[in-house]
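Naming follows writing order (A, B, C and D), and every chain is counted from residue 1.
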Amino acid sequence: MGYRFEAGRIYRMPTHFGAAHGPRQLPDDIAVDPKRGPRRLSVAASFLTDPAALERHLPDGFTLAEPVVTVEFHHMTDIDWLAGRGYTMIWVTWPATFVGRRDRATGKFLAVIWENLADPIITGRDEIGHPKLYAEIAEPRRCNGAQICAAGWMGFRFLELEVSQLRDAESDRRSAASDGTLMLKYTPRTGAWGEADLCQVTLTPAADPDNHIEQRQTGVGTVRFHKASWSDLPTMHHVVNALAALPVIEARGGAVTLSRGGKSYRDQRVLL
Amino acid sequence: MGYRFEAGRIYRMPTHFGAAHGPRQLPDDIAVDPKRGPRRLSVAASFLTDPAALERHLPDGFTLAEPVVTVEFHHMTDIDWLAGRGYTMIWVTWPATFVGRRDRATGKFLAVIWENLADPIITGRDEIGHPKLYAEIAEPRRCNGAQICAAGWMGFRFLELEVSQLRDAESDRRSAASDGTLMLKYTPRTGAWGEADLCQVTLTPAADPDNHIEQRQTGVGTVRFHKASWSDLPTMHHVVNALAALPVIEARGGAVTLSRGGKSYRDQRVLL
Amino acid sequence: MGYRFEAGRIYRMPTHFGAAHGPRQLPDDIAVDPKRGPRRLSVAASFLTDPAALERHLPDGFTLAEPVVTVEFHHMTDIDWLAGRGYTMIWVTWPATFVGRRDRATGKFLAVIWENLADPIITGRDEIGHPKLYAEIAEPRRCNGAQICAAGWMGFRFLELEVSQLRDAESDRRSAASDGTLMLKYTPRTGAWGEADLCQVTLTPAADPDNHIEQRQTGVGTVRFHKASWSDLPTMHHVVNALAALPVIEARGGAVTLSRGGKSYRDQRVLL
Amino acid sequence: MGYRFEAGRIYRMPTHFGAAHGPRQLPDDIAVDPKRGPRRLSVAASFLTDPAALERHLPDGFTLAEPVVTVEFHHMTDIDWLAGRGYTMIWVTWPATFVGRRDRATGKFLAVIWENLADPIITGRDEIGHPKLYAEIAEPRRCNGAQICAAGWMGFRFLELEVSQLRDAESDRRSAASDGTLMLKYTPRTGAWGEADLCQVTLTPAADPDNHIEQRQTGVGTVRFHKASWSDLPTMHHVVNALAALPVIEARGGAVTLSRGGKSYRDQRVLL
């Protein structure tokens, strides 16, 4: 007879054992307080680059708003949907505007994410359209007054980020007016190699009312992507090398932020 | 201006940095010999279970062909698309028949795969419809004449498999007539929680002419799934618990196989 | 001509490349503040056991002071000698008194330590006499109001500890008068198998003036060691099984403590 | 009353739970065949260096026999004392002669070992005098006809070794007459910082009758140590930097060897 999908419940491959728990679907008997967790140590640095180089990495329908690349490490603990465990994610973004048939939005264009845990990679790619890849990510560490982050794959370190000369800052991020975070959800078509089953712009609206910043420091930020051969990074050398090829025209500062709480991205939506 | 997708090339998220190398798309200058790699140590065990219990985990359009569950560990090295690296995968299958509007096929129904590397999880889910999840997988080891395998997640061991009393066997697997391996590719729809963007049956045709078995032993196989709480396995306790709940009515033997070579799954196709 | 050992400098194997940096010997140009780091999340639970069973695990010269076993997870970050990195250690102790030819001391007898980083295992065994072994240790996590810890080796989970029903407590630990922590440093003799090159009692004096407790909660503690076969834990099943065999007569409470700062153990000394 | 050490049995810290199993002491009921395991894939490369530079890393009593450094990766599986598991070790050696008060021996001077498992690090340091440190070691992989090895620590890659242009070779290693492998066992004295409890030369005699070479290829070898800051490798930058500072005057070839079987080092002895 086989099983039937239960209406209104999120499924992921494999679907054959029932709906799947995850960030957007927790067991009913688990008390969740979106103001308490996750705890998040964020380390970010930005740089000005060549707009023409950056535009080559924007999909159809997008225009560059400002040629400034930001790389952020988010070391998270106390994550409710992981039963209190944690993981780290790295975001690479730049400001852009999307104009579609129906929708228009300006915000951070989320070009790539690396994470050191497969579970959020799977849920994020499938449910949100997060462009997530796997990396080994060192726990952020503070040494000689600088906050130091690094990421690699199978022992090849491809990214180093450091924020030094840290000083306390206002805990309000100066955030430009933004509609949120923009990304491209893409699923290749099985058998018809080169075609897509899905290619759509998705948006995370800007509001995140349960996220509370506890401490914020700013400083001098440096980012370095290391060029890789295919043999070093056989599934993602093209990503790393494209980022390594962006000229660093000017450093645009760094920040270290401690925060708590946040949303589940259930408000994620497709733009047309 | 943004980038354009190059025709005939496989892309994966993030698509913004060019087409992506992977199992089905290697750099042009890499010489690949599908007869040489990967090298594969496979350890498998089967058991007879209750057909009614198993049918509850078959999707629409499928009927159970035989209530025998097979769990296989494939420890692979010398993988061309990983530049010679390796990883391990675990397959859980049972025989089934799919009847669609147009197509009909009988073969192994691939219910779930675990792998210990995120890269093939991403490529397999997106390009093939492989129902892949992440697990920590111990290297198969031989101790006191038995081949021992185990898998866990964040330190919780959920699967143990052992093949003991090993004796040499004919290297031809007795394979029933089969159209190949059947699975369900599924992508949830962003924002419309509970709906699907994609839900389709895909088939790996049975032929794999470059795979060559070098040695084969058979023995007594035992499989044990360990029941987990949500807190132990917050994203996949439902999968493990469903398998742990299948009664083992009778052991149906085990095998340890060394083989070499194999295909890229470029022949994967959608059934209608 | 070969090298000479530099006087007053700590060396470890291999000694051929100069004195070795570590917890008790940092580079001269590194500013260290023993009041600031490490940060430490400690999770502890105790139980009353059978004194006769416990005495069988005390070396010559020791007598049991109280048949209460305490297991503590110390998750440390911001460690100066690791350039800001961290690791986790697990201590198993019970109160004992040592009476030697010259010295007498009462304190915690440190029966075994597990750590998830080889570097402090090496420095601690060699320089201090810390009875350190390696384990995979999960980051402590809080789930449904309980603090949960676990440790394993190659996927075999041998220890689980949980402190639940947490409530705020005075930040002063009620510490019985203690001379410090007692342990046995032992080095086997090469070639003369079964003999020892070194077998001496060492003491960490109790004072640790730079350690500052920031927060302390107490609750109900449970500890569980899982019995292992030789095949599960081929180098330490005897340790785990001896601890698993201790009867838990009564739980004696648990605690979760956040603290900061601490000493380098340069005050460690040999008792005679 | 406390425990007594059992005569003739090997103990390691912690000694309180009985004698310890390990490479030189297996359970009585485990059948061991030293001709069958471990299986070993060895990848080695040598280079000629400046004798004066090398001599600075020889301890008292040693003289350099030839200024040729050899770095070997040994990827081992099917290890009996690990119940069939495996690990990888890296040896750095050069030929030297030891002249003591009583003994004289010429052979490989074993300057440093890195291993990716703590258990053999502990047993080797304590029982043998092996100068073992921990490293993350990639599984050797073959890519484009070359065998590639690498090692790092917490994501900092400090060693790369490659053997290319491989061709089959005689399976007998041309081994110069050798008394075996020489090393310095050293234990620092607790409390008397800078002094040693133990500083002795130990020897592994050359004979290893159960080791059988199954296949051997030779080729062009390259070795590269990467200079590290203290912050990169806070416990062993001095080791890596000393090796990185050795000039590579001339490559001296490489080899890839498959072998099986070997001894337990129970024949290890102290030289005087």
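Keep in mind that, in the parts below, contacts are C-beta pairs under 8 Å (C-beta built on N, C-alpha and C of every residue); 3 or more make two chains touch, one makes a residue touch a chain.
Since the model is a prediction, treat every value here as computed from it, not as a measurement.
**Q** Moving only to chains each one touches, count the minimum steps from chain C until you reach chain D.
**A** 1
**Q** As a test of understanding: of all chains, whose mean C-alpha position lies farthest from that of chain C?
**A** B
**Q** For chain A and chain B, let me know how many angstrom lie between their CA-based centres, rounded off.
**A** Distance between chain centres, rounded to whole Å: 29 Å.
**Q** Can you check how far apart chain A and chain D are, centre to centre, with Cα atoms defining each centre and the answer in Å?
**A** Taking the average C-alpha coordinate of chain A and of chain D, the gap between them is 42 Å.
**Q** How many angstrom lie between the CA centroids of chain B and chain D, rounded to a whole number?
**A** Averaging C-alpha atoms per chain gives centres 38 Å apart.
**Q** Among all residues of chain B, which ones touch two or more of the remaining chains?
**A** 30, 83, 85, 138, 143-144, 148, 154, 231
**Q** Line, ring, star, complete or other: which one describes how these chains touch?
**A** complete
**Q** Going by the contact rule at the top, pick out the chain B residues touching chain A in the complex.
**A** So the residues of chain B in touch with chain A come to 1-5, 7-22, 24-25, 27, 30, 55-62, 81-83, 85, 111-112, 117-119, 121-123, 125-134, 154, 184-188, 190-191, 193-194, 196-200, 202, 230-232, 234-239, 241-243, 266, 268-270.
**Q** For the complex, give me every residue of chain D touching chain A.
**A** Per the touch definition, chain D meets chain A at residues 136, 138, 143-144, 148, 150-152, 154-157, 231.
**Q** In their shared complex, at which residues does chain C touch chain A?
**A** Residues 30-31, 77-78, 83-86, 138-139, 141-144, 148.
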